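Take a look at the following structure, please.
Note that the chains take the letters A, B, C and D in the order they are written out, and that residue 1 is the start of every chain.
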Amino acid sequence: MTKNRLEAFSDGVIAVVITIMVLEFKVPQETTWEALLPLIPTMISYALSFIMVGIYWNNHHHMIHSVTSVNGRVLWANLHLLFWLSLVPFATAWVGEHQFAQVPVVVQGVVFEMAGIAYYLLSHTLVHHHGRDSEFAQALGGDFKGVVSTLLYPTGIALSFVHPWLGFSAYVVVALIWFIPDRRFEKVHPKG
Amino acid sequence: MTKNRLEAFSDGVIAVVITIMVLEFKVPQETTWEALLPLIPTMISYALSFIMVGIYWNNHHHMIHSVTSVNGRVLWANLHLLFWLSLVPFATAWVGEHQFAQVPVVVQGVVFEMAGIAYYLLSHTLVHHHGRDSEFAQALGGDFKGVVSTLLYPTGIALSFVHPWLGFSAYVVVALIWFIPDRRFEKVHPKG
Amino acid sequence: MTKNRLEAFSDGVIAVVITIMVLEFKVPQETTWEALLPLIPTMISYALSFIMVGIYWNNHHHMIHSVTSVNGRVLWANLHLLFWLSLVPFATAWVGEHQFAQVPVVVQGVVFEMAGIAYYLLSHTLVHHHGRDSEFAQALGGDFKGVVSTLLYPTGIALSFVHPWLGFSAYVVVALIWFIPDRRFEKVHPKG
Amino acid sequence: MTKNRLEAFSDGVIAVVITIMVLEFKVPQETTWEALLPLIPTMISYALSFIMVGIYWNNHHHMIHSVTSVNGRVLWANLHLLFWLSLVPFATAWVGEHQFAQVPVVVQGVVFEMAGIAYYLLSHTLVHHHGRDSEFAQALGGDFKGVVSTLLYPTGIALSFVHPWLGFSAYVVVALIWFIPDRRFEKVHPKG
């Protein structure tokens, strides 16, 4: 089974997810500079989520690029990832509209964590499909950044109970870690 | 006529359908855990619809992949399927916002059933286009799962009149049946 | 210049246009069958617009498929068509929410007419690019259906001033005429 | 790294951005011609933004077409451009709903300017990736129009403080300058 439509569909869903988040920017009733102030938390929340979803797209791009074929399990693991990414706009809007209140920040962390776990499951479904000795599996390697971020999100969730900004900062750290795209796969040239 | 743009357009529409459903998650006014409780039915309704639309995309992916060419009739049969899929977000939101009330659950079943019938019509339009003796027609075979689900939806609709949760459970059974993607087409290698 | 991205971008815009129309279906406050009654005009208006946009996609698919290359003018003529198609959801919602009142039905006709003119301009930009003696120009021919529909829309607009349903019926006639996709281009095999 | 998915994802995001702007057209409560009058500023604002985003898509199409490969930095520079383009619908709606008030027109200019800077950064990331002596770098040349528009937007922003319509006119001038697509790249034939 070829991977082209998997890429096309994922691109479509991620493109819509990243773009409909902007619908959360409610047009201010006033036309003063002050009217923009309440939008600043929404903007910060939006910027982080835009970067996060961008990171997933980037890594997804690299990972699937190095894959030679997909099967039914991979399609489902991919849909599972898209499911959690589709909940990012909801969490982002809740955080932004309520100035980084505790519960929304925790929920945002949970959504990010679930997306991280789904990405991890997708990568291991691909390893299983290609075999442990495949070029793909070797390129994936220890998946250091993946492991670090699935640990950092729960840390952020826990820190949110101390203060929401501490939790949010942990999510920003994850974004910074992933900012450098996954060079592991740049060397792999799929045969398929 | 090549099938590439049919795939691209279908991927686009299905990607938007599956993603705009999340717009139904209204951001809670409060920032308490209790504020999330009313969203639980919406979440259950959303999860089922996400999986359902995902199943259609998966099966559509498999079916069109094994097709060698399309014609005008196929384009229309495909649009007909997309029409019913486009109504899924409406039914999903109605079910979720009204805690699985009877009429919305019945309407959701009708939309699923119509999409199922549209998928059936699409597959038979493709059989007609390729010929009854084609590799494609033989791969489609008796279409056991397609027949079962077009019978299960009306059962679910009828059960909704007893209790909405019974009806909804029938839709979940259909999802479980289709969860395993259509292996029939995995063997067919299109020549086109 | 290759036509691939022109197709991809047009598919994307048309997919979003055809799908966001469904956002106009406001979820009823009640969960009775009667609560669905006010949605019937919206449904009729939506169904026609879905078919109309589907027709444009079908014809666009056929026309661009038979094209060997595009230039800057073609990109702009294509964007012009997408502009008018992007206004279809607005007109559709206005017609549906106000039970086929006169002004909305006229506005819907104007949007359809402008999209029709934009399609005509696109096809003639393509003829100009390929040359009057090209296979493409000969396939386009007299463009009988294009001419008829650009005459039928103004007729519908005029009839709307007698009664909105008369005008709407004229738009339905256009849809019926175009229902059969453009066979002219099915014979042309692009060299590019 | 191939550029195909960069194109597909950008097409997806730009297609959604250009289309969801139409959601700002709130359906009038009345069905009179007068009810359309308040929508005229929204229409003007929408038309300019549609053309602006169309220009970015056109130029992006031309630029990426002439590129032979991309790297991680290019993906991020591209996401940065998409971020600013995603804010266009917000600014457009604010301008339209408040009849070209000063602050919204300034904000629209800032968003356009940031998108212009992001496009400039993307083009120079691509020059850096391909080398200063590459065919691509020579095709980009002095980037006259890019420089002119990044100067015209601040001029428009400054003029908005005199009168919003003066500022908006400056943005229209930028649109007119870019209306003619970038012929520089039409001569470059990528080898990749």
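Everything that follows uses one rule, which is that a residue touches a chain if its C-beta (ideal position, glycine included) is under 8 Å from a C-beta of that chain, and two chains touch if they have at least 3 such contacts.
Just so you know, these numbers come straight off a predicted model, no measurement behind them.
For the self-contact between subunit C and subunit D, the two sides draw on mostly distinct residue numbers; the shared fraction is below half. Taking the mean of C-alpha positions as each chain's centre, the chain lying farthest from the centre of subunit B is D.
The two copies, subunit B and subunit C, are related by a rotation of 90°, based on C-alpha atoms and rounded to the nearest 5. Subunit A and subunit D have CA centres that are 26 Å apart.
Centroid to centroid, with C-alpha atoms defining each point, subunit A and subunit C lie 36 Å apart.
Shown for subunit A are the residues in touch with two or more other chains, namely 8, 12, 15-16, 20, 23.
Of all residues in subunit C, only 7-8, 11-12, 14-16, 18-23, 25, 27-28, 31-33, 35-36, 47, 50-51, 54, 57-58, 61-62, 65, 179-181, 183, 186 touch subunit B in the complex they form. Residues 1-2, 5-6, 8-9, 12-13, 15-17, 20, 23-24, 71-72, 75-76, 79, 82-83, 86-87, 89-90, 93-94, 97-98, 101-104, 107 of subunit B are the ones touching subunit C in the complex.
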